[in-house]
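What follows is a set of structures for review.
Each of the next two complexes has subunit A plus one more chain, namely subunit B in the first and subunit C in the second.
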Partner chain A sequence: MVEALLANARVVAALGARSIRQTFRRPQLAAPIVVFPSLLLAVQTGGAGRAVELPGFPEVAGFLDFMLAGAMIQSCLLAGNSGGIALALDLEQGFADRLFAAPVSRFAIVLGRLAGTAALGALSALYYVLIGLLFGVTFEEGLGGIALMVLWATLAAIAFGSLAAALALRTGTASVVQGMFPIIFVILFLSNAFFPAQLMLEPAATVAQYNPLSFVVDGIRDPVISAVSGEGAAKALLSIAGFAALGFCASALALRRRLRHG
Partner chain B sequence: MSAIEARDLRRRFGDGVEAVRGVELDVAEGEIYAFLGPNGAGKTTTVRMLTTLLRPTGGSARVAGHDVVAEPGRVRRAIGVALQEAALDPLMTGRELLHLQATLHRIPRREGRGRAEELLARVGLSDVADRRVGTYSGGMRRRLDLATALMHRPRVLFLDEPTTGLDPVSRKTIWDEVRRLNREGTTVFLTTQYLEEADQLADRVGIIARGRIVAEGTPQELKAQVGKPHLEIAIAGDGHERARAVLARYGRELPATDGRLLVELSDGASEVAPIVRALDESGIAVEALELVEPTLDDVFLAKTGEHLED
Partner chain C sequence: MMGALAADWPAIAALVRRAMNEILRVPGAAIPGVLAPTIFYCGLTAVFGNLTELRGFATDSYQSFVIPVSLLQGAGFTGAATGVNLARDIEQGWFDRLLASPVPRTVILAGMVLSAALRALLPATVLLLVAFAIGAHWPGLGGLALAVAGVMATATAAACWGCALALRFRTQSAAPLMQAGMFVLVLCTSSYAPLDLLTGWLHTAARINPVTQVLEMVRQGFVAGVTWDGTWPGLLTLAALVSVLGAFALRGMRRMAD
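Moving on to the complex of A and B:
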C-alpha cells in the first residue's frame, strides 16, 4: 500500500515536472500565464490609477496594491486553463495513451498535470509579488502575508486546473479548452478582481458580490491592503474547495467515461 | 499458456458501429503474430482492448495470463506498447521520455537511467538523446517509441503499425529490432497493412476484415490455401511445343499469357532447377523465367473479395 502510494507520488512528481517544462517550452502555454496578466496590470494601473480616489474605493496605498491580487488570480485561472489545453493536446496527440497504458493509477496522471499547474500558480504568484515589491507595493501583512497569498494562488491554480482538466478529459479537444479564454475573462470582470464590487453598476455588482472568485481574490488581496481575517480566509478556502470539488468530481467522471467508452 | 488469447472479443462504439465482431486469438509465447488488414478493419481497436486502453463490449481477452478487464494493472506490467503514429511528446527530449517511462513503470531512478542509456544505444539514438523529439525524423521517432516500450522488459510487445509511413531503410531497421527482440524471448503482436511486413516478420498471420478474422496461419499455409506457385517461362525461337511437352512432366499447364508458358509447380520452388535442366537438355533456349508465388494479397482477395493493396 505504502509502496504503491510512493510509486504514484513519484509519477505525480515526474508528470508535474514534465508539465512545467512543457509550459516553458511552448510559448502559447506560458504567454497567457505571464504576459496577459502583466499587460493588463500595466495598462490598468497606468490608465485607471485615479480610481482609488472614487468614494467607496477600499483604502489602499496605490492602485497597484489593489490590482496585484487581480493579476494573480487571472494568472492562476490562465495557468489552470493552459494545463487543460496541454492535457487535451496529450489526448489529441495520443501521448495520454502512453500514460494510460502504464501500470499507475490513472488519476495520478491527472494529478501530475495539476501538480505542474500548482507549481506554475506558485511561481506566477511569486512573480507578481516581485513586481509589487519593485513598484512600491506595501504588503501590510509582511512575509507571512506573502506566504498566504502564494498559498491561495497555488490552491486556486489547482482548483481551476481541475476544472480545465475535466473539460479536456470530457472533450479531448484542445481548441474547446482554449475556447474558455473569453469565458474566463467574463468571470474575472464579473468579480472584484479588477474593480471593487461595491462600485460596479447593477446587476454586475450583485454578481461580483456573490461570485466565489471574489472571495478568492479577497483572500489574496487582504494581506496586501489590510489585514487577514478569519472570515475572509474561510471564505477564500471554501470557495477554492468548492471549485476544486467540482473540478475533481467532473474530472473523475470524465476520466471514467473516457476510459470506458474510448 | 498462450501469451494472448481472445474469445469472441467485441467492441461496439456509441454510434452503433461494431468495430470488432467476435475476434478469436491464440498467440503462443515467443511468437511473432501479425494482424494484417486494411485501414478500418478493426486492428487498432483490437490492440487497444488487448492493451487495456479500451474496454471490450463483449467477449474476453487475456494477455500474459491476465484478464484485460479484471486485472488491467497486471496486464500493463507485462506488456510494452508502441502505438500508431508514435505517440510522443514533441517537446520532450528522447532521454527525458525514457526517464519518464522508467518512472511510469516503477523502475528505481538509477536503474531507469542506466536502462535508458542502454536502450538509446540499442536503437541508435544516443547521439540525439538530448534533442527534442519534435526534431526527430519519422524513423527516429519509431525507434524511440520502440525503446520506450522496452523500458521494463515486457513479456508481450504490442506494435501498432510500427512502420507505417517509414522509408524502406527505417522499416528494415525496425524489422531487425523486432526479430532481435523475438529471439530474446519477447512475444510480439503487431498490426500492419503491409503484406511484406507480415510475410517477412510473422510466424503467424491473422487477416482481419470488417472486424472479423477471416484467415489465420503461417504465411506459407495461407498462401498454400489459394494456390500453388507457378513458373512463367518465355521460350526463345520455335521451341514452344517441345517446351510444353517437357513442362507437362512437372506440373499442370496453366493458360498462357503474352506468349509465355505457365506451369503450376505442385512441389513448389524446388522444381525450378530440374525444369531448367530438362529444358536445357532438350535444347530449348529459355529467354526469361519467373517463379510466381501466391501472395498474402491473393489470400486477402480470396477471403474478402478485395485487394489489400492497390
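Moving on to the complex of A and C:
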C-alpha cells in the first residue's frame, strides 16, 4: 500500500516537473499566464486608476492594491487552462496513451499535470507579490497575509486546472480547450476581479456578488487591502473546494470514458 | 502599374479566397477570434461603466467610449491570426510551394493582408450589432465609414506585423508575440479613459503611442462628431504603420526566398 502510494507520488512529481518545464519551453503556454495578466494589470491600473475617487470605492492606498488580486486570479485561471491545453496536446500526440499503458495509476497522470499547474499558480502569485512590492503596494496583513494569498492562488490553480483537465480528457482536442479563453474572461468580468461589484453596471453587478470566483478574489484581496476574516476565508475555501470537486469528478468521468471508448 | 495589378489580381483573389475558406471549413478556430472582442467589450462596459461619473470624462456613455478599443483589438487579433496561419503554412511546407510559384512576393503579401482586412469586418460587425443593442450611440454614416476604414487598415498593419514575425521565426510558437504586439499598442492608449484622466506611466505612453490617434479617429463619431482635425492624424498613423510594417514583411519574404 505504502509502496504503491510512493510510486504514484514519484509519478506525480515527475509529471509535475515535466509540466512546468513544458510550460516554460512553449511560449504559447507561458505567455497567457504571465504576459497577458501583467499587461492588463499595468493598463487597467493606469487607465482606470482614478476609479478610487468614485463614491463607494473601498478604502485603498492605490488602484494597484485593489487590482493585484484580480491579476493573480486571472493568472491562476490561465495557468489552469494552459495545463488543460498541454494535456490535450499530450492526448493528440499520443504521449498520454503511452502513459495510460504504463503500470501506474491513471489518475496519478492527471494529478501530475495538476501538480505542475499548482506550482505555476504559486509561482505566478509570488511574481505578483513581487510586482506589488516593487510598485509600492502595502500588504496590510504582512508576511502571513502574503503566505495566505499564495496558498489561495495555488489551491485555485489546482481547482481551475482540474476543470480544464476534464475538458481536455473529454474532448482530447487542444483547440477546444484553447477556445475557453474568451469564456475565462466572461467569468472574470462577471466577478469582482477588476472592480468592486457594487460599482459595476447591472446585471453584471448582481452576478458578481454571487459569483463564487468573487469569494476567491476576496480571499486573495483581503490580506492586501483590509484584514483576513474567518468568514472571508471560509467563503474562499468553500468556493475553491466547489470548483475542485466539480473538476475532479468531471475529470474522473472523462478519464473513465476515454479509457473505455478510446 | 494598373496593368500589373490587373494581371496579379487573380492570384491575390485566390489567396483571399483560401483565407476565407478557412473560416467556413474550420469555424471552431474562427469563433473565439470573432467573439473575443465582443466579450471584452461587454466586460469592459459592465465593469468600468461607472468611470463616466469621473469629472472630465468626455461622454456619459461608456458603451460608446470603449467601442473603438474592441474594434481595433478585433482587427489586431485578426491580423495576428494571419501571421499564425502563415507560420503554420511555413511549418507544413505549403508556403515553400507558394514561393516556388511564378507570383511576385508583393502579390503573395497583398493576398494575405487583404484577406486580414476583409476578415476583420466579421468581428467588427458582431461587435457593432451588440454595441448598438446595448445602447452605444449611432456614429452617423461618416463615423461608421471611418470606423470600418480604421478597422481594415489596422488589420492590414497587424497582418504585416504578424507576417514579418512568422517569416522571421518560422514557427507558430511566435503566436503570443504576434498577438501581444497589437494588444499592447491598442491598450496603451486612451482606451479606458480620456488622456487627461490616465495616471502614471500610461499617461505618458498613451501620449507617445501613435495608435492613440487611430483610436481617437475611430472614437470621434461615437462620442461627438467627425472632424478633419480628429481624422487626419489617425489616417497618417495608419499609412505609416502599414508602410513600415509592410516593408518589414516584404523584407522577410525576400530573405526567406533567398
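Keep this in mind: the second predicted complex is superposed on the first by the 262 of 262 C-alpha atoms of A that agree within 3 Å, B and C clash if a C-alpha of one lies under 4 Å from a C-alpha of the other, contacts with A are read in each partner's own complex, and residues count from 1 in each chain.
Everything below uses one rule, namely that a contact is a pair of C-beta atoms (placed from the backbone, for glycine too) under 8 Å apart; a residue touches a chain by one contact, two chains touch by 3 or more.
Everything numeric in this text was worked out from a predicted model, so none of it was measured.
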item	value
Touching partner for A:G94 - first (subunit B), second (subunit C), both, neither	first
First (subunit B), second (subunit C), both or neither touched by A:G144	neither
Which superposed partner A:R10 touches (first subunit B, second subunit C, both, neither)	first
Touched partner set for A:R18, first subunit B, second subunit C, both or neither	first
Contacts of A:H261 with subunit B and subunit C, given as first, second, both or neither	first
Which superposed partner A:R26 touches (first subunit B, second subunit C, both, neither)	both
First (subunit B), second (subunit C), both or neither touched by A:G136	neither
Subunit B versus subunit C as contact partner of A:P103, first or second or both or neither	first
Chain touching more of subunit A, residue-wise (subunit B, subunit C)	C
Doubly contacted residues of subunit A, that is, touched by subunit B and again by subunit C	26
Subunit C-touching residues of subunit A, taken from the complex the two chains share	26-28, 31-32, 35-36, 39-40, 42-51, 53-54, 63, 175-176, 178-179, 181-182, 185-186, 188-190, 194-195, 199-201, 204-205
Partner subunit B, residues of subunit A touching it in the complex	7, 10-11, 14-15, 18, 21-22, 25-26, 90, 93-95, 97-104, 259-262
Touching residues on subunit C, where the partner in the complex is subunit A	28-29, 31-32, 35-36, 39-40, 42-51, 53-54, 172-177, 180, 183-184, 187-188, 191-193, 197-203, 205
Residues of subunit B touching subunit A in the complex	13-14, 48, 51-55, 73, 76-77, 79, 81, 83-85, 87-89, 91-92, 96, 99-101, 103-106, 132, 148
